[in-house]
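Next come two complexes built around subunit A: one with subunit B, the other with subunit C.
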Partner chain A sequence: MARVIVYRILGSIAAVFGASLLAFLIMRALPGDPARVILGPLASPKALVEVRHELGLDKSLFVQYWDYITSFLSGNWGYSYTLNAPVKSLFVERFPATIELALFSFIFTMATAIALALLSTYRRRPVTDGVVRGASYLGFGTPPFFLGVLLLIIFFKSLHWLPGPEGRLGIGAEAPPSATGLYPIDALLAGDLSTFWESIRHLILPSIALGVASFSFIVRLLRANLLEVSREPFLIVARGKGLARWTAFRRHALPNAFLPTLTTAGLVLGEFLAGSVLVERVFDWPGIGSLVYEAIVKQDFAIVQAFVLFSALMFVAVNLIVDLLYAAIDPRVRIPAVTAT
Partner chain B sequence: MIGDEGITPALPDGPSPREAGRAGRIAKAIRSDRQLLIPVAVLVLILLFAFLVPTFWPESPSKQDLISALQPPSGSHPMGTDQLGRDVLARVSEGARISLVVALLVTLGGAVVGGVIGLFAGTLGGAPDGIAMRVMDAILAFPPLILAMAVTVGLGVGLSTAALGIALVSVPWYARLLRSEALRIRSLPFVEAAHAMGATKSRIIARHVVPHCMPVLAIQMAAAFGYAILALAGLSFIGLGAQVPTPEWGAMITEGQQFTLTGQWWIAIFPGFFLLITVTATSMVADCIRDILDPRGSYARI
Partner chain C sequence: MDALNDNGSVLSVRNLSTVFETGNAATCAVRDVSFDLRPDERLGIVGESGSGKSAMALSILGLIEPPGRVSGGEILLGGRDISKLSDRQMGAVRGKEIALVLQDPSTALDPVKTIGRQIIEVLAAHEPDLKRKAARKRAVELLEDVDISHAERRLDDYPHQYSGGMRQRVAIAMAIALNPKVLIADEPTTALDVTTQAQILSLMDRLVEDHNTAVIFITHNLGVVSEFCDSVAVMYTGRFVETSGVEHIFSAPTHPYSEALLNCVPNPEKLAQGPLPAITGFPPDLSQLPSGCSFAPRCPVGKDLAQCYEKAPVTHRISCPDGEVGVECHFAEARARGAST
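Here is the complex of A and B:
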């Protein structure tokens, strides 16, 4: 077990190292001159040389990479010239909104996906199964940002059931006293039920838009796994020894079918936590995604650069946790000799 | 499947009979399978819409007419007009051409580059394999859309850099797939036989490994095609792909989004709807192709 943990952690560090190198090469391939972007077209050559020196652009690529990675690790993520603030503090400020949306959407997505996969395989009715399969295809083909626009037209513009694109709470509403940074939980802790309800209402549409593609994917995966597991001999044994169908299904089929989707679930959560630029832009959600969107529009490359590496870190970290969880749950993973064949 | 190939003798030249059988199976499946017929029909209609509309439709996708701006769908503008009075139908059709062509190029580019990397990594092994796979791991360490985003920001925004970014993201999918296929095929008896008869490594790759990789490659490409359309629209939506006057679907949704809340829904809804049905139909076809070419995975259709 200890060996598996060490091996996985080393693998993750290698992946992040590779990712940082790739991000560095891509972002430094900038055809434009960052010094020129900062100073504007009328800057004197002397000033340009000075700013380039200040940014370390006159050093060798190797030294530049070393500076880039050490300053990222030491918490110096650059400075945003458009917002006049260190990039890291901007990320810290925006991250709770992204976490809130990511967690809510993740729970929502997984719960509906599991329920629908169960419905389509347990009932064994062609109609139910067909509807679930059709929904999963449609969900897969629906662009999240377009679904966001569509949901706003239906539930905000036409029906007035849910709030429009105005962020985490209504405009002018006061945030609950910060304990976790997640509004629904903070509101509950403060005993403020109306704020709790408001924040949940604001979360519903963005969560659906963010989760739709992953939902379809997980439904399909889980459904296929359930069908496969339900033909395993151990399930026949379970039924043969007299277990009710539902008990056999719940105790033996479901856990075994769910295990392989854990990796996918990890990928989904990692992607959600990295912040969705598209969905956050549609709903004006004040998370990291909209920060990056604004940065793209204003050509504030320091933020985009930090975001690219940040997203890889989140992605790899969540996958590492899932891998370790996997090893803890499933004994087959712990013996590399078996998985290697 | 493995046993099946083990007893199939390696044919020296000419198209193998299995190849013909496969094409026949696909044609038959399209005719007999309603689940495949519908998405294929939808895709054909979209193709016709993309390439036939400009031949008879008088409106131009770029001609502005401010007097007739923001008109709802009507006889002369079946999909209405946008904020500059441009005909949405003509723009959606042009958008279809852009999406389909760019997605095709992205898919082919990613498949060729990734496929070659995977084949060489799988057949050469050793250090080249190790290096190539570490590079692929680095690409896979990013959420896909964010890496594509980084490429467009790094190289300058536009349709071509967005396409490049999406293709780069897809390279490891093909590389990993073809590497494992190459490893599997390399150990099959008929490859050993070819080797014993004195066939060179490059001949074995070209004659034996590549043809046997084609089914899995086709499956992956079909799935990646839909992803490419979606990712391109996503990048254009945040201003990184196609730029403003270009009627790319994602860019059109961005332009139309502000008008949806004031009642002019048609500007954003029509391109979005076409995007949705194109990607949905593509992924359904991709699924069916997988079931036909790879019967091992056919439990997904029970």
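Here is the complex of A and C:
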């Protein structure tokens, strides 16, 4: 087990290193001069040289990379000239909104995916199965931002069931006292049910828009795994012991079918946590994604560069947790098999 | 519950039929099979792959899954017809009165549950009040019973830490855990190497003796039948074409199919006669059975006889020197006489 952990952690570090290198090189390879962007087209050559020196752009690439990594690790993620604030504090400010949407959407996605996969496999009714598979194909082919707009047109514009693109709470509404940074939980902690309900209502549409593609993928994966596992002889054995159909299915088919899905679930959560630029934009969600959108539009490279590394970190962290979880759950990963009788 | 059926048998199968309906084709896996199992009998069921052996085993346990179903017949156990029981009521029979051992020990155990949990599962399914400690103690005893050393420690191992032979011992331990009246073993030694096969057979021999369990032993290995069973049924296209004591099949097989099967068994004494004969042709498609005798197209006796293609043979009960024999062949009596003279 210790070996597994060490191995996985080393792998994660390597992945982050690769991502940082990529982020660094891409930013350097892009056309355009950051100093020029900061100072505008009318800046004097002297001022440009000064700003380049200030940004360290006149040093060798290796030194620049070293500075970039060490300052990122020490918490200095650069300075946003468009928003006049340190990048890190911008991230800290925006991250709770992204976490909130990511977690809500993830739970929503997984719960519906599991429910539908079960529905289409447990009794094996061809009609239910067909509907679930059809729905998952549709979701697979729909881009999230387009779905977001579609949802807004239906549930906000036409039906008035759910709030429009106004962020986490209604315009002018006061945020609950911050404890976790997640509005629904903070509202519950403060005993403020109406704010809780409002924040949930605001979460529904963006969660669906964000989650549908992953949902489609997970449903199909889970369905295939469940079908495969339900043909395993150990299920017949379990039934032969006298277990009821559902008990045998729950105890033996579900855990075995979920294991391969765990990795995908981790990828999905990592993706959600890194913030979805387009979905946050559509719903005016004040998270990391919106921040990056603004940064790209205004060519604020410090934010974009920090974002690339940040999302890589999120991704790697979640997957590291999944890998460790995997080892904890699946004995075949944790314990070596016998070779001799 | 210790009652036997009226005719003194522990299990009495009457006109059992099982079909698999897919689209508009109905595959008759078991066709009108009847037999009685004495309380201490070991009935071997032999036949080629696809002859309906496994389908019959699962039919008796009520574990045929859609699109298959038991389409007719009675299965009498302790005087009651268990084929009419609900799935829940059958749950009380499975594992407790009729137990099952499957062919491939590498897939018969759930890979992510410990051996101990899987053994205790069968105990707990029928004794809901069983305490944890008592259950564990009995699981250890069961493992010791099937000759697994360090049973206490090995209880917490996972299946992949066991060898194939040990896993099959575990499967047997689970099957005999509650002293079932009938043990259905579906090719329990087929997936094992020869040495392990012999060990498993002698283990079953001992346990079945100790627990007074009747056995239905499904196999395509006639050698195993001669060693382990005391009666034998030859199955072809879902029917028992010959049932007799084990000596009869080996000394004077009456049905042409039994004879052909026996000729396929490697025999050192017949080495000089050249390569092993094979039964020509393939078993017919079970969804399009020919009228008349289903073995006729491959039968060395009836291949060219119109009678065999026109009329399905009935079961002839013949008294032979080594007991009564049931043979489903137009020429049964002539062939039996021919063999005895």
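Note that the second predicted complex is superposed on the first by the 334 of 341 C-alpha atoms of A that agree within 3 Å, B and C clash if a C-alpha of one lies under 4 Å from a C-alpha of the other, contacts with A are read in each partner's own complex, and residues count from 1 in each chain.
Everything that follows uses one rule, which is that contacts are C-beta pairs under 8 Å (C-beta built on N, C-alpha and C of every residue); 3 or more make two chains touch, one makes a residue touch a chain.
Remember, it's a predicted structure, so these values are computed and weren't measured experimentally.
Q: Subunit A superposed: clash or fit between subunit B and subunit C?
A: Because the two structures are overlaid on the shared chain, the partners are seen to fit without clashing.
Q: So in the superposed three-chain picture, is A:L259 touching just subunit B, just subunit C, both, or none of them (first/second/both/neither)?
A: In the superposition, A:L259 contacts subunit C only.
Q: What is the contact status of A:L193 with respect to subunit B (first) and subunit C (second): first, second, both, or neither?
A: A:L193 contacts neither subunit B nor subunit C.
Q: What is the contact status of A:A175 with respect to subunit B (first) and subunit C (second): first, second, both, or neither?
A: So A:A175 meets neither subunit B nor subunit C here.
Q: Could you look at A:F140 and tell me whether it touches subunit B, subunit C, both or neither (first, second, both, neither)?
A: So A:F140 only meets subunit B here.
Q: For A:K241 in the superposed arrangement: first (subunit B), second (subunit C), both or neither?
A: In the superposed model, A:K241 contacts subunit C only, not subunit B.
Q: Could you figure out whether subunit B or subunit C reaches more residues of subunit A?
A: B
Q: Once superposed, minimum distance in angstrom between C-alpha atoms of subunit B and those of subunit C?
A: 12
Q: Give the list of subunit A residues in touch with subunit B in this complex.
A: 14-16, 18-19, 21-23, 26-32, 137-138, 140-146, 149-150, 152-153, 156-157, 164-165, 220, 223-224, 227-228, 270-271, 274, 277-278, 281-282, 293, 296-297, 301, 304, 307-308, 311-312, 315-316
Q: Flag every residue of subunit C that touches subunit A in the complex, lowest number first.
A: Residue positions touching the partner: 58, 61, 63, 66, 87-88, 91-96, 99-100, 102-104, 107-114, 121-122, 125-126, 158, 160-163, 165-166, 171, 174-175.
Q: Under the touch definition given earlier, write down the residues of subunit B that touch subunit A in their complex.
A: Residues of subunit B touching subunit A: 134-135, 137-143, 145-147, 149-151, 153-156, 226, 230, 233-234, 237-240, 250, 253, 257, 260-261, 263, 265, 268-269, 272, 275-284, 287, 299-300, 302.
Q: In the complex, go through subunit A and note every residue touching subunit C.
A: By the definition above, subunit A touches subunit C via 124, 232-234, 236-245, 251-252, 255-256, 259, 329-332, 335, 337-338, 340-341.
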